[in-house]
Amino acid sequence: MGSIALRGICKSFGGIEVIHGIDLEIANGELVVFVGPSGCGKSTLLRLIAGLERPSSGLIEIDGRDVTRLGAADRGLAMVFQSYALYPHMTVRQNLSFGLENLRMPKAEIAARVAEAARMLAIGDLLERRPAQLSGGQRQRVAIGRAIVRNPTAFLLDEPLSNLDAELRGTMRAELAALHDRLGATMIYVTHDQIEAMTLADRIVVLRRGRIEQVDTPLNLYNRPANLFVAGFIGSPAMNLFRTEARGGRAVLPGGIDLPVPADGPVVLGIRPQHLHPAGPDEAGIPAELRLVEALGAETVLHGITDSGEPLVAVIDGQPAVTRGQRLRLAFDPADMHLFDAGGRRIG
Amino acid sequence: MGSIALRGICKSFGGIEVIHGIDLEIANGELVVFVGPSGCGKSTLLRLIAGLERPSSGLIEIDGRDVTRLGAADRGLAMVFQSYALYPHMTVRQNLSFGLENLRMPKAEIAARVAEAARMLAIGDLLERRPAQLSGGQRQRVAIGRAIVRNPTAFLLDEPLSNLDAELRGTMRAELAALHDRLGATMIYVTHDQIEAMTLADRIVVLRRGRIEQVDTPLNLYNRPANLFVAGFIGSPAMNLFRTEARGGRAVLPGGIDLPVPADGPVVLGIRPQHLHPAGPDEAGIPAELRLVEALGAETVLHGITDSGEPLVAVIDGQPAVTRGQRLRLAFDPADMHLFDAGGRRIG
Amino acid sequence: EPVPVRILWYSDGNEGEVISELLDRFEAANPDIDVILENVAFQVIQEQLPVQLASGTGPDIARVTNLKAQAEHWLDMRPYLADPAYWEANFGDRLDWMREDGSDAITGFMTQLTMTGGFVNLTLFEQAGVALPGPEATWDEWIEASRQVMESQGLPAAFAIDRSGHRITGPNLSYGANYIGPDGLPAPVDEGTMAFVSRLVEWTGQGLMLPDTWVSAAGTTYRAAADDFANGTIPFYYSGSWQVANLSAKIGDAFDWAAIGSPCGTVGCSGMPGGAGLVAIRYTQHPEAVARVMDYLASEPVVREFSERTLFLPAHAGIVAAGDLAFRSEDPNVPPALERFVQASRETLPAANALPAWQWANTYYGALVTRISQVMAGELSLDQARELIDRDIADQVAAAR
Amino acid sequence: MLPFVLAARVLEPVLALWQRRTGHAGMIAVFLIPNMTIFGIFVIVPLVLNLLYSFTGGAEILLEQRPWVGMQQYERLLDCQNHLQPMTCREDQFWRAVHNTARFVLSQVALMVTVSMITALILNRRIAGRGLWRAVFFFPVLLSPVVVGLIWRWILQREGLLNLIVVRLGGDPVIWLNDRFWAFAAAVGVSTWAHMGFYTLILLAGLQAIPRDLYEAAEMDATPPSRVFWRITLPLLGPNLAVVLVLALIRAVQIFDEAYVLTGGGPGTATMFMTQYIYEVGFASFLRNPGLAAAASILMGGLLVVLTLIQLALSRRAERMRQR
Amino acid sequence: MTGLKTFITRRRGHGGRWHWTDVASWIWLIGGTILMLGPALWLLSSSFKDPAQLAEFPPTLLPYVQRVAEVEGFDTPLPLYTVTLPGGETRILAQIRRLGANAQMVDPADPALRISVPISQRAPLREIGLATANYTDPFLHFDFFTYLRNSVFVTVTATLLTLLTNSMAAFALSKYRFRGRDAVMLVIVGTLMVPLSVILVPLYSVVSRVGLLDSLWGVILPTIATPTGVFLLRQYMLTIPDELIEAARMDHASEWQIYWRIVLPLSAPALAVLAIFSVVWRWNDFLWPLIVLTRRELYTLQVGLNSYAGELNVQWHYILAMTVVTMIPVVLVFILLQRFITTGIAGAGLK
């Protein structure tokens, strides 16, 4: 009981259309992640589903029932607001129990649920504080807590972990995944964190300027991005892209690498930074001069520039002994290559 | 002109001490990143430096001058608030130019600076909107813009990129780094993003419960964490830790791996997930059963459990063909191992 | 179950307490009547009572000053009174003040008679060495004498008259004024009125009259200068008999003072009679009980005690004739002053006695005071004011048709 | 409070049911009806009756006894050769009052808003003993207008407290209330004195609602105090400032008791305001004419509606600006 | 004046250095206190003066009473005066009586000695003292406690009802968009300008027709729909972020709960302001109760105690004393309620 369907949803704010006809079916119990550049309409879409905004046109169905005209309170969803929207005059405990009291739940049950959420979110000793006395991350956790205590049929989570540290984020992610499993609740999750998106999602919806670019499972999205936008957006750092001409089934990359391609005419070749590695002595590689070396510890990001002036980014495991200004040849396995036509659509 | 020194800073909120004696020197032009678990006092420390809060005790010096009693306006710093604190009644343009008008800067100069910031933050076409009409990420960018237009001697940035997508975040990070180089301004940067911390920081300050755990360059922190807390906190996923007894200069790990250690008695051995790899047939490895496989595309995170019940996390490049429930032996290079004594302090 | 009788009562001084004691005695003797004395501000009588009366409600008895204009609402008590003849005999002269024209109803009695008149600060006169003008002295003489005192004693002003149309009417009449036209409607402002009014304006312009009372207010606002007199700011003050108790309390033994009656004009030396009446109201449910209360309050001993204790002039012919009222005051200035007012009430012109029973008197007063003070403030000329007074009164008369 | 809390508890399920059946529209009705009913009966109906009064003549008090005269009262009030010259008007007193009121409103509202704004700003700071200071500035509101007028009359009269001080300081005593200028100034000043606590409190509540972090942001922007006020405080105070402006304006137009006691409208008619005119015509029994008073009050009300509309239009703009 | 406008809310120098705005604030506060409280204190001191002293020019700051002395041979105590004798010597003498410009004095220490003194040479000897009769007399003559009970009932009921009905209407008018909203708002604001005195007569006839004459409800009901309250609350509620209401809707709160649990608590400062006003207004209401209530047992304090204004004389000494007495409860209420006007929190839960 938590399938959600959007049919031709459009939304304008005072003349500016920000959602241009979204069609999407979300199955009961599915965990769908919305990703997309800042301002692409993720929050707006969530608010439309929640019932906090009315679509300019289109239908929203929950469990097959048209709820387009139904108020937020009657849709039975729970939401974590991007801006938290905590009740400033209530303590954390009151913030958490407010929704439960509205359902006329017995006191004991409320207490138990609040305690459970507090444990899960590690905010047990903040329960008597008010939002103004919390740190950013603590507030965000309270905001999450307010949604999860309700055990609703569907969750709408708008960047719920953005202000948490890596460790806590990992824990919280695991907790949310566990919750999702346990309740079997539908979840719509907005995030900018690729790891979250990849690990949590059953399906990822990639949005761009109020339109859906691709909907697929995380690995499909990663391995077979439908177009240049998705290719560039999924994966970090972004995929390296080379514009070139395919002639007679072959295309040539900087450094003279010559590859077979199933197309003719202008094409774009994409190769992920993680798939580049320093070329062996007898290997063909793209020569580049290093402009910036970012050592992240476990891996190192090399920002280079090819001889033809194109930027090139590679991610190398560990902490290789390379320095800025050094010239390097970077090789890759042609199987890892992505190919797009001139219109940006994937080929093959 | 932007050296900052904290001397014995303590801060209580109504009886609860949240900052317990911080000593820190930040050189002019340095970029220092504060990291630490949610609620550890990062924002509070930033607000203390900004002059928005008064320390309960301790001194703050800027350029050698005691500014502890000076108001925020007189310290000449710029800040990005974790909560943005945009002026709701002003357009984005007015938000950006407000601080400049305060300095009685000529109109043309203001317009130029606003335009430059808008370009940098990709908010050029939002300039006439009000904050309420912006998405979360757009608001955050405006908040950054408000700080950078001022070209101050020092920046205080409280999780400035938390609501941006990976791509934009990369761009913004590069822009901030460039800005830092260009202005030579001191920057104090709070972030939960390890990549940001590692790539931007000259030095990272690791905080925990209002105390400094370690201050060092990113790679040192990564390679030689001073204690268990830092070891666990820096690097994601967190380092695997094994408690064991060292006897006669040797310690034994699950799976019978026997290592030389320069200590005796109870010790903790740490090995980062990225340093684990499936053991070759004749290699010694820690046997584990896989509980969860997270495919991130470029790499895969394996969550396993050793025979003795300890959790074990490994990060493997690419998308290996492993599944939940599978048993695996994971090997590592002893040189990558970290060793801590019973008190959690690093050995060697 | 005792019958309730509600009395709406306002107080200028201690009369509220006195009447309440008197009524306690009545109640003790008449357990079947519960008299409820409601002490209210004069504003209530002035503003709220008319609204209640117009809608046919109100108390059973009220103490009222605007007696004639509201006469339609008063109860003719004759059928209920124990002895109407007693009333006719003792209050007869003033019954006309409180009944509709042409009626011979008995609606109530005057609890207090007032008489306008002057007060002088004997001590100031004495100190200035200025002789008091004689009994027949004119307004001009009095003001001249006061001017001398003012100059000699360095006072801010020579005299003051309360800001009230009623107050200047006595002097107006003394200069031959007539308000009542042949048809009983208001007559245009005549030369008599102008004679005194132009003097008053002139005196004000010369700084002889204290500007604080007349000039510094607008409309029909009532202003008294009693405090200025009590403080020795002015040697001569024209007000009325009701001030005696008040002045006695405020002056104490600071100086000697005396009432002098009204100075003379060209045709007489008239003050203005007036006062407050206690009337029964038509809409009462218990006219018999009301009449019993009224009978008690109008009885000679009660009127006598009331007057003696409140220092009010009684309206009871029998008591006045007996002349043996012993006003209860320790102030040696009080009895002669009251005596003087009693005497003054015999010196009034017939025109003055006609006015309280004339429906348009208050209208006339209101127009006079409004416009004259504008002249004093330099907003109007005297001629303009004369025109406007006539117009104001005419408007009012027209509205009532 | 307790009965209300209990009532709310009992009402809650009933209202929830009602909401389910009628939706938001039904709830809007629930929220509006109690107030609107009382409002309709006790405000609107009398107002309409008042309008009817203005079309009647005579001196009777009850409407049903009064003859219908149509627009006569209005014609009489508006009959003027030159509206700027009261003496050329049929009802010269009315026009004097109109002029005085206009001048009074302009000066008093400006003074009132300025003074209460400054006070609210200061009381909003973190000063020691805030509650005490608030009480101090609010205190005069507790006094009845009559007492206010009286106290100040004593202070300002010929040998009042103020002249005592003036003389002590070596000046010549001024008879404040007999001077056209000073009497007017006193009316403005005293009414401000008496009511500023009221507006200060409204502004204070408004100031408290402005999020603190905006001030912190402004401080980081090194904003000079005056700019913080004009660019942040004032715009964000918008809706509450509108209350203050509208109420101050309306009350200034309605100024009566304290000015009446203080100056009695004088010297001459220098401080006679519209309500005093209406009061005298409507109630002072000497020159009573309820129809004329009603017509004057309707005219006054019309004027106020226009002024209020202008102000609300302005504040509506401000409101749109800050809509989330 | 122009310099003053630059005061701002900025809380400078929290414990730090003095900023010029701090100095200016303190000057304003102290100056304001003198201006605000000075007349009030004088009111208090005047309320202890007897009528003669009240009328006295020039006025004294403090209430005084004439000192008297028992002198042998006189039944009543005699008033004491400081007398300057012809030699320039000053003595304290008791006055037996005054005759014209001379007063006959006696030395209390030596009752046999009689001296005649010109009155210009004597000054009354007075000491600070309170004319407490101003306070006690009205209590003796009036049903103080009946009036008090009525006043409290009217004030409390009217205030609670005002807060409830006005906040409900304000909530509807600020947080919903519906057709006719602006019209309703306009009517409400439009009627703000009706002074009671203007509609007194029609209102009286309405109340009498509704049958509320001579009932405390007749005093209460017409006052609770104050347009001021709706306007004030509505404008305040506009500043409460709508996002909190959205959050509550997500929390399955009914509209009533949103009103009761979210908007009302967040409007606490404005409610406190309105409560204070309402208490002050209802407590001090005079004209209206006066008209509606004709039975003494229903009188409120103001009506009951305002009977000292006669036609020709006003007994200010009683009025002042009663003003002071009746003010005490409202001052207490103010002090109690003003603490709700504290640091705003409305924005604190939002990013």
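Annotations
So that you can tell them apart, the chains are marked A, B, C, D and E in the order they are listed, and the count of residues begins at 1 in each.
The definition used in the following text is that a residue touches a chain if its C-beta (ideal position, glycine included) is under 8 Å from a C-beta of that chain, and two chains touch if they have at least 3 such contacts.
This structure is a prediction, so every number in the text was calculated from the model and none was measured.
With centres taken as mean C-alpha coordinates, the chain found closest to the middle of all protein C-alpha atoms is D. Taking each chain's centre as the mean of its C-alpha atoms, the one that lies farthest from the centre of chain B is C. Using the mean of the Cα atoms as each chain's centre, the chain most removed from chain E is A. Each chain gets one centre point, the mean of its Cα atoms, and the points for chain A and chain D are 57 Å apart. A straight line joining the Cα centres of chain B and chain C is 92 Å long. Work out the mean CA point of chain C and of chain E, and you get 34 Å between them. Centroids of chain C and chain D (each the mean of its C-alpha atoms) stand 37 Å apart.
Among all residues of chain B, those that touch two or more other chains are 71, 82-83, 136. Chain E has residues 12, 14, 57, 201, 205, 241, 243, 254, 257, 346-348, 350-351 in contact with two or more other chains.
Each of the following residues of chain D touches two or more other chains: 24, 61-62, 158-159, 211, 213-214, 218-219, 236, 283, 324.
On chain C, the positions that touch chain D within their shared complex are 46-47, 50-51, 54-55, 66, 69, 156, 165, 211-212, 215-221, 223, 233, 362-363, 365-367, 370, 373-374, 376-380, 384, 388, 392, 395-396, 399-401.
Only residues 57-62, 65, 87, 92-93, 157-159, 175, 177-178, 183, 260, 263-272, 276-277, 280, 283-289, 291-292 of chain D touch chain C when the two sit together in their complex.
Note for the complex: chain B touches chain A at residues 13, 35-39, 42-44, 82-83, 133-138, 140-141, 158-159, 162-170, 192-195, 198-199, 218-219, 222-223, 232-238, 272, 274-275, 294-299, 301, 315, 317, 319. For chain E in complex with chain A, the residues that touch the partner chain are 241, 243-244, 246-254, 257, 261-262, 265-266, 268, 345-351.
Within the complex formed with chain E, the chain C residues making contact are 6, 10-13, 16-17, 20, 36, 38-46, 48, 51-52, 55, 57-59, 65, 122-123, 126-127, 224, 226-228, 230-231, 233, 240, 242-243, 246, 249-253, 255-256, 276.
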